[in-house]
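Listed below are the structures to be examined.
Common to both upcoming complexes is chain A, partnered first by chain B, then by chain C.
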Partner chain A sequence: MKNLKNFGGSFSRRRLLAGANALSVSLLSSGLFPRLARSGEPIKIGFLAPLTGEVAAWGKPGLDGCLIWAEWVNALGGVKLGNERHNIEFVAYDNEYDPGKARTGAAKLIREDGVQFIMMLGGDTWPGVQPVAERSGMLVSTLLPSDLTPDTTTLIAPAEVHPIYNVTGVEWMAETFPNLKSAVICAQDDALGLPSLATYLAAFEAEGIELQQDPLLFDPATTDFAPIVTKMLSSNPDIVSLDTCYSDYVHPICEQLFQQGYEGKVISCTADFYEQIIEKTSKEFMEGFIFQFPDFDDPALNDPRVNFKDPNDFFREYNRRYPGEWGAVSWEYASIMDLWKEAAEKAGSAEPEKVLAAMKSGGKGAHAFGEANWWGREFFGIDNALVGNWPVVVIEDGKARVKAYKSIPDWYDRHGELLIRHMEALGQMYYQRG
Partner chain B sequence: MLAIVPEAARFRYLLAWTALAVLLCALPLFLSYSQKEILVFTTINVILVVSYRHLTLTGEWSLGHVVMMGCGAYGSALASKQLGLAVPLSMLTGGVCAALVGWLLSYPLFRMKGFYFLIGSFAAGEVIRLLWKRFRDPFGGPKGLKRVPGLEEFEFAGLRIDFFDPVPYYFFSLAVAIVCIWLLWRIERSPLGWSYHAVHWGDDLARSVGIPTRRLRRRAMVTASFFAGISGALLVHYVGTVNPSRFNVEEMVYVLTWAIVGGVATLYGPILGVVSLTIVNEIILREFGLDQWRPLFYGALLIASVLFLPKGLESLVAPARSMLSRLWTRSA
Partner chain C sequence: MHELLLQTFLNATYAASYIALVAVGLVLIFGVMGVINFAHGELYMLGAYGVVAVYVGAQQSFLLAVAVGLMFVGLVGLLMERALFRPLRDNPLSGLVASIGLLLILQALAAIFFGVRMEHIPPVTQEVLRFSDGVSLPLQRLFVIVAAIVLLTGLWMFLKRTRFGWALRASAEDREAAQLQGISVTRIAQLAMVIGAGLAGVAGALTAPLVRVYPYMGHSVIVTVFIVIIVGGVGSLEGAVIAAIAYAFVHTFVTTFFDGVVADIVGLLLMLMVLVVRPTGLFGARDRA
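On to the complex of A and B.
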């Protein structure tokens, strides 16, 4: 073995490599893998979502909800791991819904901030984070289960199984208004709009509701919705479905529907900031508007099956701190934290692998709206989505009210094939994506 | 004395370049992991914005340049994923794809000038973005392409070089950026480059002396698109994914901002713009916990620079250089 003279006679290349190896191992253990919180130290949770930009409405309100959640949990002593109690601390990183920035954010949260769990919106940003999560074994949650594939073993979708829960709204509508038999649908042509479109198509077909014209797919850059609404209304439908449009589209489309004199039923995945829509249209126009996301001051959320803690107080506190900001995601990230806390306490550790195992043990979990199953092998190639009941929400007298909880698994058992067929037709099944 | 001055100037010049080289090589040592990630993206954006400046040499400002970057990203991703080409070869393929698209677009676009060209380039870019969305095969639709392979890791002197880590990829991107910038600089300093300036500053006059202005504009666009494509290829093989939203008009506004704040009269102007704004936007404001206020700060900074530094950051370089020169002479 040739010695490296500059480092003295006893310093061989082998020793140098061994030293480098040891150094790299120590660096890896200190940086690449999640650091474990010591006794009494707060446990850090990463919040990696868009906080600015067009998609901020699905990130920022969630962070605000998490801060309230952390405050409440910490006031009660934090998370109990074994005999130790730890406070929860959120570390946020604005990924601007860009995969490159999401990758940077994930690396920062894992290596520099030492988080034990990362919550994401997902979607376009997940592919940037995926290799970082895979290498570090980090447990990551997404709100968009279409990110799930057989190889995303550390990614979970425990809050919402978008867009499949949309079937519950259509099912309830068909039961309640059996005379509504024709529909039109519009959606933005993107990763959120298309799977939702397939879901509505399957749900309408399951209920014998006829689609009067081909779905209107508009570009996400669209700002003028008058022609789109005119085209939809030209066939005089009983139902207008707004698919999973961003609130930037739901509002102007509703305005156009109102201005063009539409008097039928409107169904949508979301109606974020619906008070503003009512201001722009009228209380009468919005009466009976069906969507999927309740206000948490709803008495129906005190149903004993609901696992979200103190929903009414949470809603009150949220609105006190952030008036007018309540949206679809305000409670979702916090509900994921409820699930994580329970699993961490059960595992006696915040280690991602152990938390995931505790979370999925028994194949069931405490979803915000009741007990649910870890599900998705047929649909996502992996059972990492928590699926159970979902509320159907209707605007009555200017206020969102839960009208029913409907079971997604029950619907899927009856009509799963339909859903897969429509998803396949739009290239949205996990084996067809990317 | 006359003989000494150029010698001293040459020495100073050499010293400055050496200092810059040392700084660029040592930079990762002083940065955190996430800042190294930002360094990689900044290096890639340097190629993008310098290539954009090349297009502006002929006097035309485009709103479709990030789409050319996207063409490179998609071209390279498809070449490596579908054709199985080695990543460096795929990157070159991506550059060529972007150049080809630039060449095709140049025919209708250079029938327009000025404001009309600007709008036309925006529309052309949107058409390309819509095609990526519409044709799920091969472009992956709105979700784009995932699992794009990165550069293969290898062993060198017993050390494993893994391009997933930001430092090796930074040095790789830096090497590519240096080659790109040198090539663009050589073109600009060649007779072809002077012709670009002639087209910019005296279009009618240039035509009157037989300079084929449209052909020169086309050549500048093809060259700029090629290098934008290379930057896109570098991006996609690092992040591992590409989708149409990454190349929308909002991203183009960032490129314009870098160019305007830095200035486009010199090659280093846009580089100053992208580096300084990235430091402010991605490091300083984030470090101060002002994530959500960044668009506001960014906008305010842009307005301030347009008001107080209309010729860009590059206009500060000449006074700084002469001040340093005076200090050097005095100390000597």
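On to the complex of A and C.
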């Protein structure tokens, strides 16, 4: 009672204001909101992706690329914000492609590490991070724009518009090989496989390529792909599409296609570590294999429209440090950092809100493969995907080569309705996802 | 259609072969020791990594790699018996929990030593037997089928025709009665662990060039094998072989004529149906190891 009386007796408006002030300071210092780097202090960037587990191939090589990027940028003085220069420091957290771990990681990166920006693979892990990002106003990037909805105002997809860029491979194939008219497709039944499946279905329909059987969905736990390949080949297709299968599936499926005597065209979103596929099949079998991710030693990447800095040197350095590890995402997170750096320098601040505003000002941005538009209102409910050209890559004489840059917005202008129809049929539009 | 059926038959035969090897090993361990070894899938994984170490790493012959896989995993089985299952012999639930712990340890060790990415194993041979247009059997798959037939026949003869085999079956039938007959239950348990683990290891080693080799590869195999031993009857070797063949054929044909996701559902329905009609499995109560 005495304590209560004392408490009541000492409670005043001045104390209330002082307490509120102290609470605000402690909240800020405890990191509920992003901390700002002081002069000369490094700016911390969170890398929240799978570094172990089955999806690590789309996380770990990206972190490796970012470390090279940071070293190069820091060697040139880092990021210039106003009159001050700051080095970049990456803080990585392995989310193992698990939403719960991603949520813990996001909270840790924001509250304990004081990062100014978080890069993610996205997909199944984004729902775990979303509430943390919303509360803190943290700017987050994803490689999978299917994470975007009208509510994800601080989430951007500035590197790739998976799976929509797959239309460029089909478009190029139809122009180059007009005699190929029938196709089959297989996909793992998950958040990556299904939207990609809708995209390939739309792209095939747009080019008058007939699907010979229903798409073959398989469980991600599948170990033996012989029955799947047997079924696909039973209709004697001109084209086999591997959708956005993980590299762990692309390899055994290609091996089965080879062993079961397939001699037609193969198109896939990725062909990570394709040298190993060649070793398991043959150079002749892999000749003409179409996919979407170039090796960065490709001379075509020296095109002046390409914004990625020193792609050939980057590829060389990457392979020197991590031989045999180059994959689809090795450059992507680093290219997002190019965009972030440019926006931060333009804003004169690393504050997430200001960087986002600078990044999107004018509605255009310097995408790795050329100038692109902030896009997606119709498709994602928000213009937070940076969309422009995308390369079509073909294996020739055992080496990946860029054959063309094709415009995604141009394709969408002509066939957008088709894409939306197929996405809706598979429940993949933003307003259908849970 | 004729070619499609034949090719599917060959695909199913291969699947039945390696599933049967793993399932029989698990049943043997359960039959003798009464422990459900959840780490059995990881023994299969260790066999595959034996090939990675010996065939890919040390550049030795594939057959030597398979032999090393078999012996190494057999030895791991022996250590498991000594360090885990023997001290917990009187409490099967503790053995089960310990095997789950071991599963995680083995996965972590594989990730530490080999990394988490899928291993690249160059093909042992690219020879393919072509029976007709659209019907083929790669020689690598034929190896697995032949090895499974030889090993399972050898095991059957060992169990039916040798004194150790009789002792092993007697221990599985009734441990106390076997002890009263002077059979060393400890030694029989060691034997069962070596054979059971070795079968999983050899299956992993033989299939390594054909499947995705990564630290978590045991998971999907153990799920399939559990379905198989439940359908066959937990503890029945014959049941495990027959159920492996039945499951592999049903799963492969459904995958080919419908799709892989439907095949998984049908596999589980098959298990549920057997459990409803015969809760002990097809050979559960009357014909144990």
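Throughout what follows, the second predicted complex is superposed on the first by the 410 of 434 C-alpha atoms of A that agree within 3 Å, B and C clash if a C-alpha of one lies under 4 Å from a C-alpha of the other, contacts with A are read in each partner's own complex, and residues count from 1 in each chain.
Keep in mind that, in the parts below, a residue touches a chain if its C-beta (ideal position, glycine included) is under 8 Å from a C-beta of that chain, and two chains touch if they have at least 3 such contacts.
Predicted model, so just to flag it, every value in this text is computed and none were measured.
Undergrad: Answer with clash or fit: chain B and chain C placed together on chain A by superposition.
TA: On the shared chain A, the partners clash.
Undergrad: Contacts for A:Asp189 in the overlay, against chain B (first) and chain C (second): which applies, first, second, both or neither?
TA: In the superposed model, A:Asp189 contacts both chain B and chain C.
Undergrad: Between chain B (first) and chain C (second), which, if any, makes contact with A:Asp219: first, second, both or neither?
TA: both
Undergrad: Determine, under the contact definition given at the top, whether A:Ile228 touches first (chain B), second (chain C), both, or neither.
TA: Only chain C; A:Ile228 stays clear of chain B.
Undergrad: Go through the superposed model and pick first if A:Glu210 touches only chain B, second if only chain C, both, or neither.
TA: neither
Undergrad: Figure out whether A:Glu287 sits in contact with chain B (first) or chain C (second), or with both, or with neither.
TA: Neither partner.
Undergrad: Just checking: does A:Gly261 make contact with chain B only, chain C only, both, or neither of them? Give me first, second, both or neither.
TA: Touch partner of A:Gly261: chain C, not chain B.
Undergrad: What stretch of chain B clashes with chain C when the complexes are fitted on chain A: 3-11, 39-47, 219-227 or 291-299?
TA: Residues of chain B that clash with chain C lie in 291-299.
Undergrad: Which parts of chain A are touched by chain B and by chain C alike?
TA: 52-53, 189, 219, 221
Undergrad: So in the complex, the part of chain A that touches chain B is made up of which residues?
TA: Residues 13, 16-17, 20, 31, 51-53, 60, 92-94, 97-100, 103-105, 107-108, 111-112, 124, 127-128, 130-131, 135, 189-191, 193-194, 219-221, 427, 433-434.
Undergrad: Which residues of chain C touch chain A in their complex?
TA: Those in contact with chain A are residues 3-4, 7-8, 11-12, 14-15, 111, 116-118, 120, 122-123, 126, 128, 130, 133-134, 136, 138, 141, 210-212, 214, 216-217, 219-221, 223, 251-252, 255-257, 259-261, 263-264.
Undergrad: Looking at the complex, which residues from chain B come into contact with chain A?
TA: Against chain A, chain B makes touches at 32-34, 37-38, 41, 126, 130, 133, 136, 140-147, 158-159, 164, 166, 235, 238-241, 243, 245-246, 248-250, 286, 291-292, 294-295.
Undergrad: Give every residue of chain A touching chain C within the complex, in rising order.
TA: So the residues of chain A touching chain C come out as 52-54, 56-57, 189, 214, 216-219, 221-224, 226-228, 230-231, 233-234, 247-249, 251-252, 255, 259-261, 273, 276, 279-280, 282.
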